[in-house]
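Below are the structure tokens for one structure; questions will follow.
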């Protein structure tokens, strides 16, 4: 798949196959196109060449395809992007009710379930502004889960958080990974990558430079660029 | 020294003596009064009781004293606070030209020198908005240095930066520390503290809880509060 | 050594110290204080005398105005006309009902924590105009009909402003969405519409609406003058409203749009459920300010011959029976407007302050 | 559809009047309009509906009036409007007759000690915008080689306010209006109306061009009123007059023949007009005559056989 | 098998969807519909208007602009008398509108800045007076204020015969302010020259002084020297040329003053009302602009040792201007539009003269109103354009 911003070739010849239940961690230096890549999968950005096939549906200009794909793909953003005018519960129910047309009662029950899973059922009736960053991010995860997606995308879910809150969120993600959900996660948390990833992908300048299981990736990186990057990251 | 916000006693009985050329790192949990303390030294906040003596000048209500002290003290803020309407060079020259009445030519030459020292001479004619966070913070450091201050204050200079940029800035600060400048630095970068600090000060609830050279501080903290804090910070 | 109980050294400010700090802190401040103080002292006395101490409040006719001060008698005698215009006396209870409902719906908005004030507000925006639609003109439910030519005074001012704002909200919202649309032609049309309406003075709009509109319409299609003035005011106002709302839309971070997209919401659901509720809330102060300016601008209908409150006053101050009552009349109108506008602007300022702090958390 | 049909369908006549000029058209506190122009409209309403009340009034400023008539906003303009060639020819209007013969005059403040218009060189003149007076004034001063400064207001009310505030030395308007406006001054005695009349100002109802039927209706309602005065038919004796054997009266009141139907009206439209509004003399005396605050003598507005110029074509 | 596949393929775009599911096609379709609706609406409007005008025998076209107007106008910046054409009345109205707008913009800006800064004054009395001013003035309709100023000012001023005299050559009464009109004689060119030279040299001086200050840090008393040059040089030239100026002093003739320059009360009242009203809005804009500059900026400036005055001048005001300019622009636009209220008190602006008397005398409402609206649209576009250029110049450069 290729993507350009104007004349700028952001993604070059990406080629990735993800099996169901696989957990993939993507890392790479800033500006290497990680976010762009992950956003393409959800069609928040348009790709210009190549194919993206999600759950047997090819992402094209067809609105129906986009809709189908978006229903199957949950996304968690770096800055949570919760809806501040709705309570936590309403945030979670919005899409089930309006997109999946689930009755409100049922949607709320499901939402409470997921909120319990991310360990904040007691916050259900608060507004996002009243929660800490870590709690907000967990709500964001619950909201994405409420759509019962087949695939979850995470774009640096912890990088906007204070050190103390990162752990809360990572714990939830580890648990989620354990439950067998397909996950694509952009993160710099190497600890997390080591624990849960089936594969680690290293990107630079819009290309996939290296792709390996985590033990191999961390202990024995093949490419010089990867080595350099790992050095920097692990330095402090 | 004491300080109150209304009835709230922020700084209680602080007592600190800094020798010329000493490098001091201040740390402590959020809200413990670190920023307030450091801002008092520059008279950005008023203290209500006790004395602050900078370079033999006592800080009082007298504007002349305040001016003198401010000339001798450079400050770097967490959020850089560069002047967005001026270029990098103009930012650096502002104070020399208007306060120290240095001719522009000369001020610019000095500024370029310092910009070289923080490794961004090529950005001199850009506007702050066009720079990355790390670069901006380095400009802020250069700007403070341009006044040729005797003392530099840093208030969490890296906490608003991306991980990769933190290193850039810390490098500059380490270099600066090596040059023998008196420095007071609020930071959570323990690596930095270990490398350069002569003394580490731990504050909590407006009081100095512990004060020790870094080896001792990190390896053998005396106070239970310090121990708890270090545990949290070093956990990941 | 935790001196938790230690109290801050109190900076005591006696009146003298207060004055030194706030009035005489430097030589030019002293000078300013002196000059302003002198002007105030010399001008306030006569003004207060005219307004209150030497004014006439009671009596039955022009001859009772004997004092040197204002003749408020004139206002109180004509008050009925100023408030209701030509509305028949025996039917004025209908207007009073609307005034009362208006107060019930909106006064609580100024009171923090009034139970159910949100619902009262919603009633004010939906139910109230509906009731007014049947009650004021009458003609149905056995109510006697009162043609719009008989409406006037403060009541007409309020009707014009209220309907103007109510109708311009949805139109303005659509225009704002259009202006931010990705379709160039839609965007272009909205931009042209907004900019043209914003560029022309309201009185030309009113002139067109009041005397020229039938020229543009097919023969036989016609509305009464008031409706036409309202159409003009509404279109004009919706252009301003669109700009206010656009400001709100722009203030919503991109992440909100993307999150809504990622949840699979379509355009109208995204706007209706996620973006607009936030954007509109954000710009309530702006909307109130627009309302204030519209409220003041309704005085211009006087120029096209509708008797709003200023119009009614103007048509009576030349009454030969009363001598030199123009100042009293104008002061009365100014006071009416000031009370409404000041109240609303306070309200919007409070809201702004609240939103401001709300953002930071 | 023709205007007459439209009016009948609407159920009322829309009539453009001034926004306040005593004697001509002025609302009272309850919104009831009175005045000679108002009565003209009421007469038309009576002719169409047999009821003087089926008329609604649109107050207009001088500069709005023609646009309002052109656009169809009003059916008839009865707003002391001067009949001129340009207006007849290029505005798309037709003047249906004259209900008041007037001339332009000047009102000055007593203090300035002027007794004749020729002494007004250099004067500041208050005037109402969009009137023939604005044009006559300019012609008059130019012809006399004098200078003047016009202060142009939107409404007659503001014009009076300007004059009484001392903004101008002279207020110029039609003489009938001067009397009305003077009565609005705080101290009417402080102003005098100069003897000069500088123009002819035939005032009358106006209709849109191109609808001859409607034009005829308005024209003949007015003529009926004048003829009635000539024949001595008043609102009081009109019922008795129905039995009159004067063929002129019979035709006028429709007790004989159906002249009204030729106009598209009822055969007895004349009767309705006189019954509800009265003849021209009654209308005049009620609104502007000597017994009213305006106190205007009939003068040229008298019947031709009484030394005036009112000479209505016969109803036959 | 459920897989997510991202494959590279060299064939270009995937096969297009059915047209009605393609958002691009949909968007084009909607736009075409919108355009069609607008054209249809516009067409019916024009068609109705034309047929209505024809059936009512209203003359059309712009020929009337050539015809003689025949009415007087009290004040005009371009030569005008009653024999000139309707086209000329347009220019008279337009220039009068521009005059009062320009005067209003200048006065409102100055006053607004003063009051806006006064709102933040450390002097309690000054701050409170400014607050009361703003809260009273901006909450009362402008039309009312125009009436007030007009009739209050008129009532307060004496009649021409009791004029207030200022130095024997300027007179104030309820017909206006009469001041002598300078009539230049031969040789006045020298004075003009001197003025030009003085201005040029002051500009030069300023540039030089700034350069020197930047180069050496020394401050030159530019203001004092500049003012002296501006005053002395022309005065000197005036006497050298032998006082080549005569004054057309207004004099009481008959019952009015003649000669000199007159500022009519209508202009004064309108100008006063517009400036005072708009100033109250500008004051709030200025205040919030100053407050919008973050505290961090002031602190950083203080930390650099810049005192309060310099902080305001070098750091706060330049940044506040960015926030101030856009709302200031719309206040200017409002002022221009509000100047059309002139018609209520008889100031001969565009709406009063052209859309008033001219429209009424010619009866060509559509043409006249169209021209008037086009003028306001042009003025407003020009102001926006100008302000946008300025805005771009002061905009913060971002990444």
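Quick notes
Note that the chains are named A, B, C, D and E in the order they appear, and that numbering of residues resets to 1 at the start of each chain.
What we mean here is this: contacts are C-beta pairs under 8 Å (C-beta built on N, C-alpha and C of every residue); 3 or more make two chains touch, one makes a residue touch a chain.
Chain-to-protein mapping (UniProt): A, B = Amino acid ABC transporter ATP-binding protein; C, E = Amino acid ABC transporter permease.
Computed from a prediction, not measured in an experiment: that's the story for all the values here.
Look at the CA centroids: the one farthest from the centroid of chain B belongs to D. Closest to the middle of the protein, by Cα centroid, lies chain C. Chain copies chain A and chain B are related through a rotation whose angle, from the C-alpha fit, is 170° to the nearest 5. Farthest chain from chain E, judged by C-alpha centroids: A.
Separation between the centroids of chain A and chain B, computed from CA atoms only, is 37 Å. The distance from the centre of chain B to the centre of chain D, with each centre set as the mean of the Cα atoms, comes to 88 Å.
Inter-chain spacing, taken between the CA centroids of chain D and chain E, is 43 Å. Put simply, the C-alpha centre of chain A and that of chain D have 83 angstrom between them. Multi-chain contact residues of chain E, defined as those touching 2 or more other chains: 52-53, 55, 151, 343-344, 365.
Of all residues in chain A, none touches two or more other chains. Multi-chain contact residues of chain C, defined as those touching 2 or more other chains: 207, 211-212, 214-215, 219, 303, 314, 326. Per the touch definition, chain D reaches chain E in the complex via residues 62-63, 65-67, 70-72, 86-87, 90-93, 111-112, 114, 121-124, 129-130, 134-135, 137-139, 141-142, 148-154, 158, 161-162, 165-167, 169, 208-210. Chain C makes touch with chain D in their complex at residues 81, 85-86, 88, 147, 149-150, 152, 207, 210-215, 219-220, 222, 225, 303-305, 314-315, 318, 320, 323-324, 326.
By the touch rule above, chain D contacts chain C in their complex via residues 1, 6, 19-20, 27, 29-31, 56-61, 64, 67-68, 70-73, 154, 157, 160-161, 183-186, 188. Partner chain E is touched in their complex by these residues of chain B: 42, 44, 63, 67, 70-71, 73-75, 77, 79, 81-85, 94-95, 97-99, 101-105, 126-127, 129-131, 143-144, 147.
Per the touch definition, chain E reaches chain C in the complex via residues 27, 30-31, 34-35, 38, 44-45, 48-49, 52-53, 55, 122-126, 129, 135-136, 138-144, 147-148, 151-152, 333, 337-338, 340-341, 343-344, 351, 355, 365-366, 369, 372-373, 376-377, 379-381.
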